[in-house]
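One chain, subunit A, links the two complexes that follow: it is found with subunit B in the first and with subunit C in the second.
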Partner chain A sequence: MGRYILQRLLATIPVLLGVSVVIFLLLRLIPGDPVVIMIGAENATPEEVTRLRHVLGLDRGLPVQYVKFLGRLVTGDLGTSLSSDEPVRQLIRERLPATIELALAAVVVALVIAIPIGVVSAVRKYSLVDTAGTVAAMLGISMPNFWLGVMLIFLFALRLGWLPASGRGEPVMGGLWTLLTSGNPGALVTAVVHLVLPAVTLGAALAAVVTRLTRSSMLEVIGQDYIRTARAKGLRGSRVVLHHALRNALIPVVTVIGLDLGALLGGAVITETIFAWPGIGRLAIRSIIQRDFPVVQGVVLMIAVVRICANLAVDVIYAIIDPRIRYA
Partner chain B sequence: MRSSTRASDTPSARPAEPAARHESYWGAAWRRLCRHHLAMVGLGIIGAIILLAVFAPYVSPADPLAIDYAHTAAPPGAPGHVLGTDAVGRDILARLIYGTRVSLQVGIVAVGIAATLGTAVGLTAGYYGGVVDNVLMRTVDVFLAFPVIVLAIAIIAVLGPSLVNVMIALGLVAWTTYARVVRGQVLILRELDFVQAARAAGTGDARIIVRHILPNALAPIIVLATVGMAAAIIAEAALSFLGLGVQPPTPSWGSMLNEGRAFLRTAPHISTLPGLAIMVTVLGFNFLGDGLRDALDPRL
Partner chain C sequence: MKWWFSLALTAAVVLTLLGPAAPAPTPAGTLRIGMESAPTTMDAGLSTDLYSQQVYSHVLEGLVMLDPQGGLRSALAESWTPSADGKTWTFKLRQNVKFHDGTEFTADDVKYTIERILNPETRSPQRGSLAQIASVEAVDRHTVRITTRAPFVPILTNLATSAYVVPRAAHSRLGRDFARRPVGTGPYRWVEWVPEERIVLEANPDYYAGRPSLDRLVFRFIPEASVRLAELESGGLDLIAGIPAQDLRRLRVSLLIDLQEVVGTNYRLLAFNTSVKPFDDVRVRQAIAHAIDKQKIVDVVWPGRGVVAEGPIPPTSWAYDERFKGLGYNLTRARQLMAEAGQGGGFEMNYLISATEELQREVPLIIDMLKQINVNVKVTAVDFPTLLDRLLKTNYDTLRVGWTTNPEPDSLLYSPFHTSAIGGFNFTKFRSTKVDELLDRGRTVPNVSERTRIYREAQRLIVQEAPMVFIFHEKRTYATRKAVQGFKPHVSGWIVLKTPYGIDVKVGPGR
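Moving on to the complex of A and B:
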């Protein structure tokens, strides 16, 4: 197992290097002069162009530029924002917690919706719940999440007025802390009501996938001998389903969520834009519109690294759980 | 594995024999597909969308860019506008019909780029193996590290927003799946007797790949391309929704949805209808994809 994990870790290094090359080339592949495009032709005085080219290191050869870029990357230096002069690292650090909160909330929404429906669909195959779940899952996969977001805003924010249409309250953890220390639930309530619609928007597609997966995984497990043994021992049906079957059926579900984390962050870019959620996705879109390329690079790199780490974590956890997994 | 029945051996116009003894692989697959109800629904939806796109000027009730100043943000059923008008008074039905052109164009070109590039990489990696395989598949890993929409956004950020750039970006982000699946197929196929026989007969690599391996790897490519159309249509709509795709005034479902957001309170149909159009179209491709998967290769 140790050998497998080591090999898996080593295999990540070339991928990380490759990602850094792609991110590096993004800025250099801009047709025309990237500096002129960034600051706009109207502002492109020769002095300004020369200065920026020097700031961005674009006045050296490509290999030299890349080595410098990589050197800075390794020390965590992602460059400086062109529009605000703040370090990109700081911009991301300020906004990353909001994105993580949103992504985790989306996973919670997906699990809360999907696992009960998936389990009931498997246990009561071809029942009303199963059929409705199948149709809902198909719709969930085919529905664009930005449309769902807009429709949720229309219904719950504009028509019913139950939930806010945009923005973020306190961080949920901060709200929880206020509640525990001062007994005042206000901050937590504000945090949660702001989180509901974005989390549902982001979690819906994942819920659809997890519902189908839980169903098929449960069906497979329920057919196995140890479940029959458990039933033969005279255990109650619900106990067999929840304690014996669900536990094993959830393994592939956990895997898919780990592997889907990257896609979730991609979806967060859109969800954050709709709900004015102050995370890294919104930062990315705003930076593209402002042609603030160092920030775009930083966010894209950040998301790719998170995804690589998530995949790595899934593989390593799997190797620990299941001793059969080895490199061939 | 795969047998084919050519119509006849005589030049006379004898009709093709009914598939009694040797039904071709594709014939059998088509028969299985026809029995798949959802796939037929999907095919119907896709057929309708294609017809709308091709005959848009003839079926559209109005010019999608024409502005009716008397009726702005009119609700569905307003005089002269079956599905109402948008905020500046353009006919929504007309814009939805013309929007099929953008969606299908982007889908076809993006999937074309992705399938061609991915298949070429997969064939090369799988057939030659070794260092070539390693380099190509590590490249695939690098691209897989980026979520599709994030990489597409990054590419658009560099190239600038336009219809052509959306097609290029979506093609460049989607090829990895094809490469992986095709490579897997080739690894199996290249060891089979008929490929070994061709090689023993002195057939060149290129010919073996194109004539013997590719035709047998087509089934999963077709399934991926169908589902890929659904993904590309959603992705185009997402990019246009973010203002990074098709630029106004060209009607794209994604940008229509975005334009309606500001009028959500007073005229919710402006955003609702394009969303429904996207969903129905995507559902059609997903249904067909599911059916094709079952019909072409139950193992997939």
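Moving on to the complex of A and C:
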């Protein structure tokens, strides 16, 4: 297992190199000059543009710029933002926790909604829960999340006034820490009420997929011999369903969630924009508009690393859920 | 998964959804401002972006400032006088002004600020607007002398927009950290910055023009216009900019919300590349200008958000000419000009726009209007940086763009129309010796009424030569909760809450 993980980690190096080349070239091939955007239209004389481009090293050849970028990358240095002159690593580090918090909350929302509905739909096929679940899943898959987000804000923030429309309030971990150390739940409540709408928005599509997947996977498992054997031994129905069937039915579900966790980090861009959630998606959008090359490169590489790690984690979790799976 | 675990989680989520969130109480003296984008830096020397300026302008101040109409006002300088040759300006500074860290504000800080921006190593994007400065001299503790390479009256406005004074001691000590916690002389001092989320400032009790009425400012960054508005309407914000067009009519009659608008110093235009056929012919350009019904464009695409432009100088500028009429909608004249130019049969026109929602709705109108003079419009839509790139390389036939500047007429006219700016922002390659002479003279004459005459004459000549069709001037609209008192929108989009010359915004009871 250890060796397998090591192999997988080594295999990520060429992937990351490829990602770095593609994003580096892509950014420089699209038109748009960061320096002109920085200076602003009224002041951008050709001399100023040339001068600033030189100071920032943007007048050197692409191969030279790439090699410099790569050289720094090896030492863990992602460079400096063109527009704010701050280290890219710091900009990402400050925003990544918010994005991870949102993505994890979306997964939790998806699981909490989807797995119970999926299980019940499979066990009580064609019941009211099954039909309602199917309809809801269809809605969840078809609804674009910017629309869902705006509708949730309209209903819960504007009409009912139950939840805040935007912003993060407090980090959940910070709120939890305050609760544990001082017994004051205020910060945690603030954190959770701000998190609910964005997490539901981001998690809705995943919840829909997982509901359908859990249902079909459960149906398949329930029809197998060992389940009949378990029932024949006189085990309680709930134990058969939850312990014997669900555990095996979860393997494809874990795959989907693992793969989606990476997608959630990238896909959080839209949700973050709607809810003014202070994550890396916002940074990415602003940097693309400003053509702030080092920041966009940093964010994209970071998302690539997270996706690779998520895929690896899925493979490892397989082995834990199903002890028969072994990697040579 | 244990069934009770998932049940507990479900219950927790459901309970949170059902239980009304206790809204955090907002102290009476706090103003919460919703911004369209997060700022990039609080180091004024390193940024020209409006969103950074909207925040740091409450912490830092310049020698002079611009009032909401764009007029010059005294800030850290009490008075200023030009020398006889018009090249040297002597500023008398306010005395007994302290930075937020307690150190005294002196002439040396002004010298440090400007010289730092001019130093190429600083990589300051503000350098261009101060590039006319040859030297800065601290004559004594409270007198600064600034000398320009040539007589250059617009330097005063440029000092207001681009030279926010930083304290030499604190700025050198903090280095890069200054951009995260600026120290200035302004009415508010720094509290905290949660990236992408909020910036908090608090009243400076020692402000030389008196403590501001607002105790705290909270800036929140909310990119979605509809969400910003929802926050304002649900009481989470007090002041927002950038109102969704479809909500304007509803908000005008709202009992909770006040709308305030101002025509910005800008013009929205259709530009011709005057170096390619057939747009090198002034008659063709005039014909197209006459064929465009500007009022209809404003009414259909920008209702309540624009006023028809007669020329480049907007009604809010001191150089505005209310009697001047540009090339108005006149199809007969347009067809006649096309025939005179030998283009009666028409031609195909490549038209470059940036792909925004409004412009996509404007395009069919333009296509339809120009069809009337047999011009067949072919549209290419790109993102804004791409458009800017092609504009600067004059790699287009015609395009649609906006020009937004500070309120100085020199900024409105010089770089788009002076021959020396060809290769830069004179992107139509417009050449006129007469216009050049006028624009050069406008920079050297200190007298405002004479400058007014000069810029009005330049505008008349430019409109006649029609390197661009000036379509409309865009309004800036702000919405506030009714309890907010004393807020006036600024022509440049700045947010001005407390000034030495009498603005002091308050939040009344009943928010």
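Everything that follows uses one rule, which is that the second predicted complex is superposed on the first by the 270 of 328 C-alpha atoms of A that agree within 3 Å, B and C clash if a C-alpha of one lies under 4 Å from a C-alpha of the other, contacts with A are read in each partner's own complex, and residues count from 1 in each chain.
The working rule: a contact is a pair of C-beta atoms (placed from the backbone, for glycine too) under 8 Å apart; a residue touches a chain by one contact, two chains touch by 3 or more.
Everything numeric here is computed off the predicted structure, so don't read it as measured data.
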First, second, both or neither for A:I251, with subunit B first and subunit C second: neither
Which of subunit B and subunit C A:L235 touches, first, second, both or neither: neither
Greater residue coverage of subunit A in the superposed arrangement, subunit B or subunit C: C
Touched partner set for A:L139, first subunit B, second subunit C, both or neither: first
Partner chain(s) touched by A:F275 [first = subunit B, second = subunit C, both, neither]: second
Subunit B versus subunit C as contact partner of A:I153, first or second or both or neither: both
Touching partner for A:I100 - first (subunit B), second (subunit C), both, neither: neither
Partner chain(s) touched by A:L163 [first = subunit B, second = subunit C, both, neither]: second
Contacts of A:V129 with subunit B and subunit C, given as first, second, both or neither: neither
Partner chain in contact with A:R307 - subunit B first, subunit C second, else both or neither: first
Touching both subunit C and subunit B, counted on subunit A across the two superposed complexes: 30-31, 150, 153-154, 158, 273, 285, 289
Interfacial residue positions of subunit A with respect to subunit C in the complex: 30-33, 36-46, 48, 51-52, 55-56, 81, 83-86, 91, 94-95, 98, 108-109, 111-113, 115-116, 150, 153-154, 157-158, 160-168, 189-190, 192-193, 196, 238, 242, 246, 250, 273-279, 282-283, 285-286, 289-291
Residue numbers on subunit C that touch subunit A, as the complex places them: 1-3, 6-7, 9-10, 13, 16-17, 19-24, 37-38, 40-41, 43, 46-49, 120-121, 123, 125-129, 131, 176, 179, 194-198, 220-224, 226-227, 230-231, 233-234, 236, 382-386, 388-390, 392, 403-406, 411, 415, 421, 423-425
Contact set on subunit A toward subunit B in their complex: 14-15, 18-19, 21-22, 26-27, 29-31, 138-139, 141-144, 146-147, 150-151, 153-154, 158, 262-263, 265-267, 269-270, 273, 284-285, 288-289, 293, 296, 300, 303-305, 307-308
Sites on subunit B touched by subunit A in the complex: 138-139, 141-143, 145-151, 153-159, 230, 234, 237-238, 241-244, 254, 257, 260-261, 264-265, 268, 271-272, 274-275, 278-279, 282-283, 286
